[in-house]
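So that you can tell them apart, the chains are marked A, B, C and D in the order they are listed, and the count of residues begins at 1 in each.
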Amino acid sequence: MRFSVGCELQYEAITETTLILNIEAQRSSGQRLFEDRYTGPSGDVYEVPETGNRYRRLILAPGTHNFRYRAIVDTHPVRSIPDEVQETPVGKLPFDVLPHLYASRYCPSDLMARFAWRQFGNLGSGHEKVQAICNWIFENVDYLEGSSDGSTSAHDTFTLRAGVCRDFAHLGITLTRAVGIPARFVSAYALELTPQDFHAVFEAYLGGRWYLFDATRLCPIDGIIKIGVGRDAADTAFATYFGQLTGPPKVVTVERLGNVANQEWTVDAVSLSRQ
Amino acid sequence: MRFSVGCELQYEAITETTLILNIEAQRSSGQRLFEDRYTGPSGDVYEVPETGNRYRRLILAPGTHNFRYRAIVDTHPVRSIPDEVQETPVGKLPFDVLPHLYASRYCPSDLMARFAWRQFGNLGSGHEKVQAICNWIFENVDYLEGSSDGSTSAHDTFTLRAGVCRDFAHLGITLTRAVGIPARFVSAYALELTPQDFHAVFEAYLGGRWYLFDATRLCPIDGIIKIGVGRDAADTAFATYFGQLTGPPKVVTVERLGNVANQEWTVDAVSLSRQ
Amino acid sequence: MRFSVGCELQYEAITETTLILNIEAQRSSGQRLFEDRYTGPSGDVYEVPETGNRYRRLILAPGTHNFRYRAIVDTHPVRSIPDEVQETPVGKLPFDVLPHLYASRYCPSDLMARFAWRQFGNLGSGHEKVQAICNWIFENVDYLEGSSDGSTSAHDTFTLRAGVCRDFAHLGITLTRAVGIPARFVSAYALELTPQDFHAVFEAYLGGRWYLFDATRLCPIDGIIKIGVGRDAADTAFATYFGQLTGPPKVVTVERLGNVANQEWTVDAVSLSRQ
Amino acid sequence: MRFSVGCELQYEAITETTLILNIEAQRSSGQRLFEDRYTGPSGDVYEVPETGNRYRRLILAPGTHNFRYRAIVDTHPVRSIPDEVQETPVGKLPFDVLPHLYASRYCPSDLMARFAWRQFGNLGSGHEKVQAICNWIFENVDYLEGSSDGSTSAHDTFTLRAGVCRDFAHLGITLTRAVGIPARFVSAYALELTPQDFHAVFEAYLGGRWYLFDATRLCPIDGIIKIGVGRDAADTAFATYFGQLTGPPKVVTVERLGNVANQEWTVDAVSLSRQ
């Protein structure tokens, strides 16, 4: 599937400020990029070898700064039948995947093992377990703008039963780790999101790959274009700054290109991972 | 029903210490006391007019101190048919009951309204709602010694899904308040508790009285003899001290007296409240 | 000193809603009221014998409702020299004051004993201790609108170091209880508050009375007119409702009446308590 | 300096259990190992390229298992004059160091920026800032066995003002990140620790290297032999298991070898990092 994705950001730096942007789509066997283009202040760039995250670090003088990113992305997802996607026993997990079993700032999976095992521990395949976690979140947590803030963890969301995409992803990650399956946060461009904005979903490590999950049901899982991955939102902000910034007025766009008939949402297990 | 209840405590004061004991059974139309006797250091006593809680305040010199309490208690519970015990609309609640709707140290009911209303809000009578809360707690929380401590709130227990009687009571109170029904903590002597110790249950204000509930299912609800009531455990410790104490080695005894045939646990709604 | 105080509120009830207002000034030997007048929907009223809080409970049909309160208040504070106002040993506190030593929803004083004793435990009189607590809060916490919300406790404020009047009061209460001095929340009309609104301060029980404290330094301590007292803000909201309300647009007014020369802020210890 | 370090562990597996040990000293230009020897059940091993952490993964059948590790370690620390060790501006930090600025499970640095900047932000060199953080922790937090547990975060420790080495490290990391300096958790063998056990300290990234810090003052900073590094204790357990284990009885030994005269604790800035 082919997509045109992009965003326009505007920030006002009050003092000299270091800004780290992570708004550019990942390049991988699952995501091929054409016409990948950033316009804005120049800085240094870094593509993390292990994850494919692409960072752009900018030192901004006081004043107004504009940033623009555009890419054409072809996704080549690996599609699997959900009940055939098994979890990998901990004894067989790659060592570099193991840290995604551990608790992180917004995903205190250490606190939720009892609930997670009782509720999801006996389900079928690994993919079915994580899908059951997503279904449970969708049915039990209200999607409600303004119901959370930057300090809200999955411990809070589990009690409050309200949140936004970031909170849904955090709770999904937390419960998935709590049943012994590695999980990580994914920031993304997402098709059909209304209003259009950056999106947050998550991946679980199953059958030797990272499969995508979205407990919000706000967009089709094969309409996800990955930007950054990390332990949770603390790792994966689209913008991190050190100094004083105001903003951003932002516009995000995601369009499906090519010969697009009306399409059902997929029921496949979908992975964009580079393995 | 007639009970013999009592306890023996021993404390070692390291420095001069003020100790407030709340170990004596309440006196009310529902609980008549005979041979009510405290033995130990003398101090001043206070019976709270609104609640019936009986406090004994002692100023202890450094050294070892022994305390003993014994009473024969006849309980005369009001028994009702659960599905006939309706909740009182907030507009009709006595004003002095209203504070038991508000969040307290261990019962942050403000955080749990969404879950509580979704899960219990549409059930039948008030008593059935609170009983459903107790059933939910029993089925979803593990009773586990050592799984909580003095700072554990219902927010923690709801996530951790483990606790002891005090935590079960706190979660019950929190969910009950969250659906708009006043609830309070009760410290008690309890029949058939193994090992025998002080117990913690709770009361909900329904149909003009305070009805007893125990989500632990560790003892029959008509085997409860009330000691203290309060917003939560912060109000209702059997011993509070200011200074330095070690202890207590403690022995608690509760026996059923009289002609006691083998008896089924009651399914009645039970209230010992003075109204 | 003579004040004119008052407020105008407007609420829109979406469904039938029970509203409990606590906006009327307390009547006591320290606060004499003239021309005390509420205008709005009628309901039942209750003045709590122990505290003097005045509640008005209204059952609102769907639609817009207006509420107005005005009073002329003469305050007759007890003024004392701060370093002569001693704390009362726990062994001598009235029993009905003791619950104000215990932790509450927003004031988890059980968590802060080490800090409080180390920082404030060895200071002079009780009033000096509590004043030192207020000074510490003023110097270490930023007053910042929007930095907290309805779930923010003193545990959060102590870490975040930002808050509004309610948070300053909660932290003051928490630290005061943590050094063994009873403390409670006070909602109030306050002179010179900019922008004018309801205010939150606290009282500590010292030398047999409740003395006023305000860590925000936003208004003179003898410019406080007390509305409600309670364990913390969970007990002491100016409006509590059960149902669905939007609002309120609100106007609060506080004026000094009579022959008012420019006046220094007092350095006295000030109490408006009825004892 | 030359050390002999080692440990003996015994675990009882109740069911088949996957155990991941991280008890072996790191190999780096700062830590040269001789006679590095593990004895116990065999499994697969992994040395993380980025960090040098050495993991051993074992699949244990039910029953008792013994593990033994011994090594002779020569440390070759880089020693610097503390006030010459400057922090690196965020705009110049290596990209792979940046995640150590972000909040993690036990180190919610996002919550503590106000306090950290106010208290430490204006001090001299980066090393002096972090040392001031350590001094502040040492002076304000009590080292107290049993005062914390596996869910205790730096947010808790900052309020409670008590903890053990792990909590001291978490609070140090949190405050260091909060002033914009990358920091990470270090598990270690440590000279002169009483009773001898594994130790927890932390590193801050300054002047292009990771410098060691220990807020507990329980052992000399050049008596540290590094085992594992990570975001916090969630990443850096000496043993992580999936299954059911009891244990461990453990013995840890650390000895200084060679011609050791009585020695003052160093006042140098000390780094064992491989860069």
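To be clear about the criterion, a contact is a pair of C-beta atoms (placed from the backbone, for glycine too) under 8 Å apart; a residue touches a chain by one contact, two chains touch by 3 or more.
Just so you know, these numbers come straight off a predicted model, no measurement behind them.
In summary, no chain was found to touch both chain A and chain B.
Mean C-alpha position of chain A lies 31 Å from that of chain D. Chain A and chain C have Cα centroids lying 45 Å from one another. Note on chain placement: the centre of chain C and the centre of chain D lie 46 Å apart, centres being C-alpha means.
Those residues of chain B in touch with two or more other chains are numbered 111. The touch graph of the protein chains shown is a ring with every node of degree two. Chain pairs that touch, as defined above: A-B, A-D, B-C, C-D.
Residues of chain D that touch chain C in their complex: 111-112, 114-115, 118, 140, 142, 155-156, 158-162. The touching residues of chain A, counted against chain D in their complex, run 18, 20, 46, 48, 55, 57, 59, 89-91, 95-96, 98-99, 102-105, 107-108, 110-111, 150-151, 180, 230-231, 234-235, 242.
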